[in-house]
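The following blocks contain the structures, represented as structure tokens.
Look for chain A in each of the two complexes below; its partner is chain B in the first and chain C in the second.
Presenting the complex of A and B:
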């Protein structure tokens, strides 16, 4: 349940509200200049959804043309326009172009928000969708933008596609199995990923079954996935950013959809609360896997999860918008050796359980006289997590965070100045049941505050540099960091070179007992051991876009990690562990090649990565001499993904094949009894303790992972409704991919076997 | 722009290539099995301390197993012997199955054997197939103790602190344990009782040996908490030290089970794990001069 905002939180509302004022004061001189500015939002007239990539041009009577394109918010801005008369055009393929003749006065800031109508005389809606940019192999300095159309192409055991299935096809993204909801991105750990939905943090959004997250494709407008090297706007995490924007509900008419499949069933409804001004969208999904898919394969699948989403969006005026988003997710299940006999409803069954609740409000405003885009975000995020019997857990970890932030962009012809400030306050409560011997159960309050500035400078028409700095303060650790960030993009014809660099810190961290892949409980705590973990990223990439829907990207990355908190291994088969400090290095490279044709879409990627930790605890150096470096269990060296989607006679066939080389695990020599010989004990009386004779840490490799998924989909359109049928085979050649092996019992748990699946989706307009 | 052109009839090429690649990967990654064990030439774990003061020695022998669920009751395929490398004398050890108070069982081998100072003993544990685990230990040298004269410090408040240094020659490192003992009896010829006080072991090395200062006054304060000296005669005192062999030194100098349980972190067993050490317990005893005993408040027997 969402807390009310804690009283210890300092007031910040006033501070946030002055942001726009500050921008105005700072840049007042520009406003008085003698040029004009034009800006606004462009949306689809049919439902009010923002249109990205709309070309906006202004043509002077002399034939001079200036222009821009809309971003993912549908926002455009053209600055430094010489006063005069212009022919204006906003055009997007498949839509009727909006044209006008404008007279722009000196110093004028004209706000023109536009609704584009679909051009049904030339192109149908389906064609419009297909023509939108799909660049699966396109990555720029660690950033890959994902559209709902991209997500829909990945086979899934459900007629409703999900963002996580796309993310797991990206090179450098490692999932340790098809359950657990953990993603490791380019060497980072799951709790080092910053996942934001409409600007609000969602702590653990990936569901317990790996095909699902809290982000179904039909809610996503756009997802920017930074595998590293992210800019100054983001901070507080070491590894990556998944920044998701959700779409708005239809502002013109109500429509609804429902799906039924063996894994998940869902329902969605959306429509106008005030025609063309205010919309609402509601969505709910609930797993049926333990009744549906489990019966298909005649094996227990003790997992339950669900999510609910609601968003209200209001276009307050042509220059301001307000949206409120709420998301709740629930997950519980038994992961590991007991899956086969677990009864989730039994009061004695040990199960992991987590629940996210996030609430956020976002206000976008275009100040009347300034070439500025400003947003103010207020959000609260909560994660409750536990392990043990459902009514009497033995471990729990709860975190509640309030976030207030403001992001401002000031536009000039050659520089867009991005800057902002933020304040976050978190309350962390944990009852760890002694799992971590040197991390106490406690209630903590952690505050993070700071500001950033990041001008995007168009040095030439080909070269963009984005130097930035983020001042990030952790008062509870009495530490403040000035984190440099830098991005550079150089375009020359069909070639693009890009690079990124950044330094990052994270105070609120997640601790896992990584000895046991089945133990997915994460303890959120302020960084133990008195150290604030740090990461430094460097990325360099090359992209070739020769046209004809073909892309090739090559990118290398390097990450240096310091002051991590990792579990310390012990030969005793204990349920408890110590936390020890460690440093790490991750580096690698990936290659992506994609083809996008009208009726075919596909990409192949290969990723190589190397991850190494160096533990600084007392114990690890004692293992077989001075071995203190090891490969953590997510160090997957080689990955291949191949995705193809073919449309034929109204059918859409999607194929995905994934390969990952084996993950590290600690082999053992065997078992014995350990007796501490200290000169005082008597071996006739001391029974000793059972011991696992581990070899060098994580020196073994599990078998390679690979899986082939296929789905076939056909949509039938009726007058005011559509019906989509889908059939899928997950793990089509029934590969026994190992999920987990218990080194004590030598029992193994495999990932999901071959699962046939059928799904149906009904949409009513 | 020289873009690539994939016309429909050429489109089969990338798909074909993709399928070939997938097939190749599938073929190469067919092995689904996992071997949780490292091939190793380690066969037994040995634990024990050969004691110079004992006439029977005991060593626990555990076979390195591939299951954690062994009860310990299973018969053990092991022949255990020891050899005094100084004399060549070999002793065959016998097996005994112990049940411990936690309900577990273990094989503890024993042999009637008095170990000699400074001798090297080699323990061999051999499986029927010839696989051997071996440990060697050199018994500590016999030290010689010499007791110094009593030091008397008088403080401004009249309090007196009495100490006496005891030097142990022939010890290379700090003793593992040190204690002083004081002997009291109710009559000069009655049964006596010893009061013992553990000392920290890090007083100081001398050349050659180790010096430990007996703190007569502070020990006396502890004695007063246990007996009433007027009711007892003071009969004498002494110091006992326990000395380990020179390999009996854990990493960091601390017997921390969390660290020492790491395989190989503290072991002198070849082709195995565990530790077989040797220790000597050495005593020095002396009689305090009468004045010192009286200053300490002790009652002396009439002579």
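Presenting the complex of A and C:
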């Protein structure tokens, strides 16, 4: 039974929750005082980078073994250890195991952080990296974890791999094309995705050219992509979460890398500010598409983007860390029919432009006597967006948000209690130039605050359940919601069953003119019409892992969307939009199969998805009778992705084929000349103006989309440097994939044609 | 997979469409000839009017009086041509009229409009305050501001000359009240301007005031309602009506004298 509270909870309600958890923590603490706890961080000795998946075991003299594995932070904790002597081992494939004999006293909390050294005597390091990280067909209750090794397998137009290329191979992820920077995940809209980098929100991180985001592979340590059903830690978005952790940088020695390619050139440098304690990593990328790739294909590509990233990470002690991350992205370009004649430097060219700036600090601490992992996050995120001439835009939308949050995990023998608090304050400014009829140009302040609790209960050795609740308050709408969340994972041998459920609300929303694929301007605003959009997700999945390196996953999902704000459908083109409320349903299923061998890696996935909106306005029924349900323009029904990577004699050949069935668009029922009748009955002279008349909303389908990309890469290692050469063919069989078409003139804009590309990367250690 | 190789786009909907015609026009009480434009919804952007192949009938529903409108091709301001249909047909206030377009292929579009009722006029006596003379004019029964309101003054330079007409816009000078729409005529101000326009000296007492009248153009309710400006069954466009009502009245002799005119009102 879902509970929705449409008023603020009285203080006693909030207090009660806190009391419940503190009491639970106290009782658990009492139990733990008779046992010992061991914890710490495990990092790569070569550079200090966190190692995920390290096996940590404690073996008693009697042969009893208890253990755990490190998470993406490299953190491990073993609780409820009976006092005594233990043989300790931390092992990870490809690294020399750390062993010791420990004497643990009652009530002791031993913090032991470890640096593992690479074992160069048995296996090649690269092979090991691949073996331990690549699980592309592995999805658990909507969650897929992506490593940099996964990302680098996907062919890209240059040697710098990018997270977005991996995301777009996932079933259920729809991109409107290779331009625009919009991703629709399992029926949700781009502005319903929560994208976090080291805990700070990045509003529009996907670049205007679809091969790129603000997340190049060599900055990413791990990305958790929740296509839905995400836990209580996350909120304020309806569709999905992309939670990215970046590398900390090398704490032992400086290294640098630079790439040069027709799409993007980049540079990165990292190294110690204080050996083994403080590191810095700096990265910058800048597109050269309008100069490089455009000349290769002899077509204008009026897009420019870039990103800059900086992070300082400090290991303050064996039980505390502090990091500060800054990211800035810039994008601008002309999308649609004017691409062919656009001059981005002309003061009269209408162009869309956006700039993200985010700054965040993260403090991690392991309190000395408690089995607790705690983090405190402070961040500020800003997005400035405009459309029109570059110096005199006709529309603009700016948003600035401050976020403060704390996340705590309290570890007990059978339950890990995750809980946290958050407070966010956003300032939204918009000048929409009248584009939205019923959304005023204004300055708004939106505050969101709340807390969550989500115990992870290991019911048996095979069964984990994670019930949660998130209290999310939207004071500006005078609404508070108690959002239930639930995840369950059941493992039995090679089989895994998983499920997730959750309720979500989003007050700060993005409005687009979805009638026009070429209009990628997004107006960020407080949810109009006095509504707070809501989503309910349900996911059920099955995973089969019959052998090492083979995975098969099947997952179904269902999302119910309420109180969305969508552009009102109109019977003929209008320059302005009227926003109207709508509800929606999205459901589907996907199948993934992957094989990983030393020399071969590949996966194939198929996704079916159905998305339907029901607008509550009366315009469509008045034109077409009872029709009020329609497929929104991102309702891609069928998707296939196939990726393969082969290594042979130092060469790495990567192949990707993608297929997507056609996206909906509004067809025409004909053309006429519109005459605005005035009281003088001007029909005798007024020529009127030609116009298109639309049929029922989005009842047509564009042609199917498919593309084949291939890249060949070879790395050459020198004493203190390496050189990587790459050649790639994007859209290798030159498919004319439609991006945009004018129903009037039948002028069409296709997505990128066959583009040959070469890239070079130099790394210096 | 054959479909997957196709890169073309079918821009026309397969959905059954009831929209065969675009109809644009409004009938008016002020004219004995009514005009409407009728286009076929076409599958080309450029206006190639072709044959209309339709019979357009305008009828008054109460009496059944009907006329078949005559099709003509008219050259428009931009050089294009289109079908303009016309008929000699009086329309009256308060009556319901139906326009029916029946294509030879069976396509039918219809629209109706009720010509607005004539509001009743109430004129208050002229008010003289110092040198300023005004007069309140009420059109009772109106619920919306008229689309157009004009006051006409008929003035002659002398008894020997023919009166001339000078008009003043009053649409924005009136206001809606509970019973209708009321405007205050600024007689002294307006007539001072009339003298200037007719080159009558302000102190000339030989000018003759022949009368005052007001004309209202009142649009039918279709103008304010309808979906996206469309009220055609089986088509798109707009069909409405306009009631044009003119009333004249006399101003009191004392006020005329105060205004410095000879009273020529009948």
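Here is the rule we use: the second predicted complex is superposed on the first by the 711 of 765 C-alpha atoms of A that agree within 3 Å, B and C clash if a C-alpha of one lies under 4 Å from a C-alpha of the other, contacts with A are read in each partner's own complex, and residues count from 1 in each chain.
Keep in mind that, in the parts below, contacts are C-beta pairs under 8 Å (C-beta built on N, C-alpha and C of every residue); 3 or more make two chains touch, one makes a residue touch a chain.
Remember, predicted model here, so these are calculated numbers, not experimental data.
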For this session: Mind telling me which of the two, chain B or chain C, contacts the most residues of chain A?
Result: B
For this session: Mind working out whether A:695 is in touch with chain B, chain C, both or neither, as first, second, both or neither?
Result: both
For this session: Check whether A:642 is in contact with chain B, with chain C, with both or with neither, and answer first, second, both or neither.
Result: first
Exercise. In the superposed arrangement, which partner chain does A:429 touch: chain B (first), chain C (second), both, or neither?
Worked result: neither
Exercise. Between chain B (first) and chain C (second), which does A:675 come into contact with in this model arrangement: first, second, both, or neither?
Worked result: both
Exercise. Which holds for A:704: it touches chain B only (first), chain C only (second), both, or neither?
Worked result: both
Problem set entry | Touched partner set for A:548, first chain B, second chain C, both or neither | first
Exercise. When the two structures are overlaid on chain A, which partner does A:578 contact: first (chain B), second (chain C), both, or neither?
Worked result: first
For this session: Considering only the touch criterion stated at the top, classify A:738 as touching first (chain B), second (chain C), both, or neither.
Result: both
For this session: Under the contact definition given at the top, report the residues of chain A touching chain B in one complex and chain C in the other.
Result: 570-572, 618-619, 622-624, 659, 667-677, 679, 683-688, 690, 692-695, 699-700, 702-704, 706, 735-738, 741, 743-746, 748
Exercise. Residues of chain A touching chain C in their complex?
Worked result: 570-572, 618-619, 622-624, 659, 667-677, 679, 681, 683-688, 690, 692-696, 699-700, 702-704, 706, 735-738, 741, 743-746, 748
Seminar exercise, completed: Within the complex, chain B is touched by chain A residues 493-494, 546-550, 570-573, 578, 595, 597, 600, 602, 604, 618-619, 622-625, 640, 642, 644, 657, 659, 665, 667-680, 682-695, 699-700, 702-706, 708, 733, 735-738, 741, 743-746, 748
Problem set entry | Contact set on chain C toward chain A in their complex | 3-4, 6-15, 17, 19, 22, 24-28, 35-37, 39, 41-47, 74, 76-78, 80, 82, 84, 147-148, 217, 219, 227-230, 236-238, 240, 242
Seminar exercise, completed: As the complex stands, chain B meets chain A at residues 1-6, 11, 14-15, 18, 21-22, 25-26, 28-29, 31-38, 40, 42, 45, 47-49, 58-60, 62-68, 70, 72, 98, 100-102, 104, 106, 108, 176-177, 242, 244, 248, 251-252, 255-265, 273-277, 279
